[in-house]
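Given below, in the form of structure tokens, are the structures.
Both complexes below contain chain A, partnered by chain B and then by chain C.
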Partner chain A sequence: MYLKGFAMFHPMVLFFYFLLVFVILLSTLNPVLLGVFFVSGVMLFSLLHTFRKTLSELFFYLFVWLLVTLAIPLFHHNGMTILFFLNDNPMTLESMFLGMAIGFLIISFAFWCKNYSLYITSDKILYLLGTIQPQLAIWYTLLLRFIPQCKRNFRDIQSTQKTVGFYATSSLFERLFGFVKIIKVAFLLSVEQTFSQIDSMKARGYGLQKRTHFSIYKFYIWDCVCLVWLIVIGILFLLNFKELDFYYEPSLKALTLTKEMSLLYGILLSIGLLPAMIEIKELVKWKFLKSKM
Partner chain B sequence: MEIFKVENVNFTFAESSKRALNAVSFTIQQGSFAVLFGASGSGKTTLLQLLKRELTPNGKRDGEIFYKGELLEDIDAKTLVSEIGFVMQKPDDQIVMDTVWHELAFGLENMGLSNAQIRKKIAEMTSYFGMGDWFHKKISELSGGQKQLLNLASILIMQPKVLILDEPTSQLDPIAATEFMQTLHRLHEDTGVTIILVEHRLEDVFQFASDIMLIENGSIIAQGSPRIIGQIVKKINEHHIMLEALPTATRIYYGLSTFTNESPITIREGMEFIGNYKNEIQELPRNIIEQKIDKPILAMKDCWFRYGRDFPDIVKGVSLKIQKGEIFCILGGNGAGKTTLLKLLAGQCKPYKGYVLLHDKKMKKYSMEQLYKKNIALLPQNPKTLFLQSTIREDYEVTAKLIGFDKMEASLQIERVMKMLHIESLMDMHPHSVSGGELQKIAIGKLLLLQPKILLLDEPTKGIDVFAKKQLQQLLQQLRAQGMTIIIVTHDMDFAAEIADCCGLYFDGEVLAIDVPKSFFAQNNYYTTAANKIARQLYPNAVTCEDVIELCIANGLDKK
Partner chain C sequence: MRKDLLILSFVILIIAVLFSGTKIQSVDEYYLTHIDEITPDSETVYISIRSDTLLNNMEKLKSELHVYVPTDGVILPESEYVLRPGDTVFDILHRAVRHNRIQMEFQGADKNIYSSVYIQGIQYLYEFSAGPLSGWMYEVNGVFPNYGVSKYKLKDGDHITFHYTVNLGKDLGHSF
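Right after this comes the complex of A and B.
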């Protein structure tokens, strides 16, 4: 766990950030906002991965996008402007636009999810959970260690059992039965370990009194600034939701780019680009520092 | 001042009628380093658990335990939790959180300390143990030794007055185990914390201990300082099996006669003591069994192996020949890839270059059935993975059926294996509930049902006591006499020196220095048995304790 760039923000701030992004992204199908979050999501992803990786991901999602764009008009026939008929079903311009928009929504969402999982790692989830419900956080941790342990036991037992002729049968039923048996034993072995962990918890005073919750995260001034900024934007978004919301049917909503609206889009763009900007700044700063040294 | 006083304690487990502890009385002084030893199942762990109130098992206890002059039951729970720390046997089984820093904080969080206080204590602890480099790591990235050190640190952070450890090094390799003991010693010297330790391997710990107790069948039968405990045990029984557990220097000392002085305990002291003997005879005449150079039963030819395309090579061009009927030991450090090598020999992994020959036929050409029925059997590092049924008998029966025995034959074979291993009393138990040594035995029993010609063993001495080790040794020798070929991967040098016909050192993907144990160890200066280290100035070819004792007797004392 090495914290740098955008990840240096307090987990709480990061969590609110991604919450806000997902809310804005998923609550409207506004083409401008879709564009904003598509571009910023891909940009951030490309900063955190190699060029090759970004390209191959984009390539994959191009197919997803095509699929969605073509599929939606096939099943969805609302809309004013009928282009042609396919199997007696009208194909409309509006549903094609809707298809494209949903396609973009899916891709943007996928990229933002990937970014999310890079920043909000399991220990940050644990921390957030712990501040709300410390008891729950501990059981969650035990579970986090239980599952890989179970998998490891399963693998070990399986490879051992192969050598004592366990799978040397052609009957599918017997194989299946054996498989279930191995899962059972792997599970029981892991449970044994969990019991011992519970002993170890008791031995260190778990449950004697109210626990405190220790973390290595600190709340700095920039966290505060960022949090306030996020709240302001959240409120702005809610206040202007009516204007930002977009519909495709029966006919496309007209996009009016007034001065205020342009400003609002600009502000929302700044939210999308925030992590990417910080990562770039970090890169440039270190390059600069290095050249001075 | 006495910190623990145990008076006449008896203990019976809830579900059993036999007493696990029987009239145990002893006192432990503040600041002492007490070591408890004894065979598995003698009640060591139970005794330790009684001293740690939170871990006391269900059962009936009478007698009294005093902590600092007060009855253990009367002390407030919070004081007790932090003042008595307990480190368990298996490193993984006591770690609760998933990162190092959080594990360190766990106990303090339970005590309700503030963030700032915890931070300070963690900083202090981490610096003391030099854990800075892996402070941010996930538990799954740590080695066994690091995990056990973390366990120690996360107990110590609560500032205990007494530290109780239950075989903390039994799952570690010798190097990590020695390091752990040295850390414990430093801690004892630095802080004066009282230490109560249960241990099988006494070689490293004797020199640090102030008090030794031997426990047998639930009673403490001998107690004394490290230098005289041998005498006390010898008075009880001249050939007590637990004498074998003492450090090599002490064993040589007592093997030579009934000395009544204080015994040497370290290697250096052992060397000094042996210095009194002449060294005219360097080697004893022994009927060395001539190695028949036959066609090897199992051979490896230029084998290369890695776990995946992007992984490093683990086996790098190994060529090996194993003769029929020999015991071949492969030694080497942790993580060197010994287990992988064994898997290649067992046909569990396939080399990407080179081949393995079994009876002069390529391993690839055997079907699973041909390979594992009456040919090769592998004892994995965790023998528990061999058992799927709820009793050992049931498991044996299923195995016998798999191999194709009919009912009569099956019961006959099971009978034979049972008799050979003396495991009649265990047959109706659950395979996971027996002790380490017993588990080892029933696992070998199961493999013997498959009637293998070649038996492969992965770290068979891990976590078992001297008694079980002696039994294992006898069993393997018996199997060899029946013509079985045995390949053992181990880091237990003393075991290898006692049992092997041939030793090889596995290092950096290669098997180096294949030789008979005598020359194998005699040529090494550092990587050698304790007995050899003690005797090498006088008798460079002596590698086991018995060798040294016999040579000393043959040479006689130097009168000068």
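Right after this comes the complex of A and C.
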């Protein structure tokens, strides 16, 4: 993991940024937008992880894409160009394109979710919602923490029980039942920890309206600029939604690249590439400063 | 864990394809249907497919589908087909659309609780294409039957008409 320069923005700006990206990504199946957000999402992911990790993720999602592309035409039979008939149902070129697009949507969404979880950490959610919706904030953070905690508890209990001799039997079924028992115990322990966490937070005065909380976040001028820019792009997207919206069935919408549309795509590309650009800037700065010493 | 799930999904996909059968036909093979010759003593029925109601409700229809609505509202003019013994409305419709190469998608009788075929779309005009109350309805001799297309047994000289409705049949003069 390298530096996270984009995380220097105020949590509210980050939150609105990811909200806007997810809304734009999920509201249309426009192939250009899918390409834009796929490339920018993977680029940002590769900047935050090692090259090897990125490649292995891409390799995994290649098969996810293949699965979706093959599965969608089995359920969608609408379309002008019929390739052949499978069990009296037409297999059409359009539904295959739709499958490819949905596959790309899923991959892009997965990569953007991975990026989201790196930038919007639990403390930022607690800071954002802590005073207006304390209940929601605490539930959100606990929910995110639940599964990793469950895994950790399971590992701990299992390794402890191994030393005590819990698995020291040749019977496969006994080992299997022991395994299930440990899962049950780990799960219940995690639930209990979650509830005691809520109690302890309450005892410390979390959620009281009049209390102020210490935070390291400050709203700077560039946060303001970024927020205004995000709102402008959101309005632009909404105004041009009819042209940006895309349909695959019964026949593909013609993709016209007029001057205005290419400008709009360029603006949307800039929003996708913003964090990656900042990360690259930080990376270059880091390398540059290091070589000078 | 993640990889196991992916492999499992691939296996399920392959099993689903194998179980549902792999009868592959080319386009010409599929549309090559046998139509009985009409002789003076053969029993016949008449079928037509119309989308008149859409002409008055074009603003409700999705804009990309406007080109598929004929200007006179007739997708299939009234045509005569030989009635084979035990034929239902669906059999005649299926034969007619294959003969005339009209696109149609339907949900099989084994796929829903009514155990009757459900017509999802004809000529790219699907259910819900023109608002939430739109879809295909059929009438036989001026009456809208309250049951599915593959449940209606036909008799000699019946007139079948398929209509596209945008308001659950109220715009066709039918009410439940």
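The rule we apply is simple: the second predicted complex is superposed on the first by the 209 of 293 C-alpha atoms of A that agree within 3 Å, B and C clash if a C-alpha of one lies under 4 Å from a C-alpha of the other, contacts with A are read in each partner's own complex, and residues count from 1 in each chain.
To be clear about the criterion, a residue touches a chain if its C-beta (ideal position, glycine included) is under 8 Å from a C-beta of that chain, and two chains touch if they have at least 3 such contacts.
Just so you know, these numbers come straight off a predicted model, no measurement behind them.
Participant: Between chain C and chain B, which one touches more residues of chain A when both complexes sit on the common chain A?
Facilitator: B
Participant: When the two structures are overlaid on chain A, which partner does A:67 contact: first (chain B), second (chain C), both, or neither?
Facilitator: In the superposition, A:67 touches chain C alone.
Participant: Return first, second, both or neither, reflecting whether A:138 touches chain B, chain C, both chains, or no partner chain.
Facilitator: first
Participant: So, does A:110 touch the first partner chain B, the second partner chain C, both, or neither?
Facilitator: Touch partners of A:110: none, neither chain B nor chain C.
Participant: Once the shared chain is lined up, is A:77 touching chain B (first), chain C (second), both, or neither of them?
Facilitator: second
Participant: Which partner does A:212 reach: the first (chain B), the second (chain C), both, or neither?
Facilitator: After superposition on chain A, A:212 lies in contact with chain B alone.
Participant: By the touch definition at the top of the document, which applies to A:261: first (chain B), second (chain C), both, or neither?
Facilitator: neither
Participant: For A:273, select first, second, both or neither according to whether it touches chain B, chain C, the two together, or no partner.
Facilitator: neither
Participant: If we count contacts the way the header does, which residues on chain B are in touch with chain A in the complex?
Facilitator: 52, 54-55, 77-78, 81-82, 86, 88, 90, 92-99, 101-102, 105-115, 118-119, 136, 138-140, 154-155, 158, 346, 348, 368-369, 372-373, 376-378, 380, 382, 384-388, 399, 402-403, 432, 446-447, 450
Participant: Chain C touches which residues of chain A in the complex?
Facilitator: 60, 63-64, 67, 70-71, 74, 77-78, 80, 82-90, 247, 249-251, 253
Participant: For a test of understanding, state which residues of chain A touch chain B in their complex under the given definition.
Facilitator: So the residues of chain A in touch with chain B come to 1-2, 122-123, 126, 138, 141-142, 144-145, 148-149, 153, 156-157, 159-168, 181-182, 185, 188-189, 192-193, 196-197, 199-216.
Participant: If you look only at chain C, which of its residues touch chain A in the complex?
Facilitator: Within the complex, chain C touches chain A at residues 2-3, 6, 9-10, 13, 16-17, 20-27, 29-30, 62, 64-65, 68, 103, 105, 121, 124, 126.
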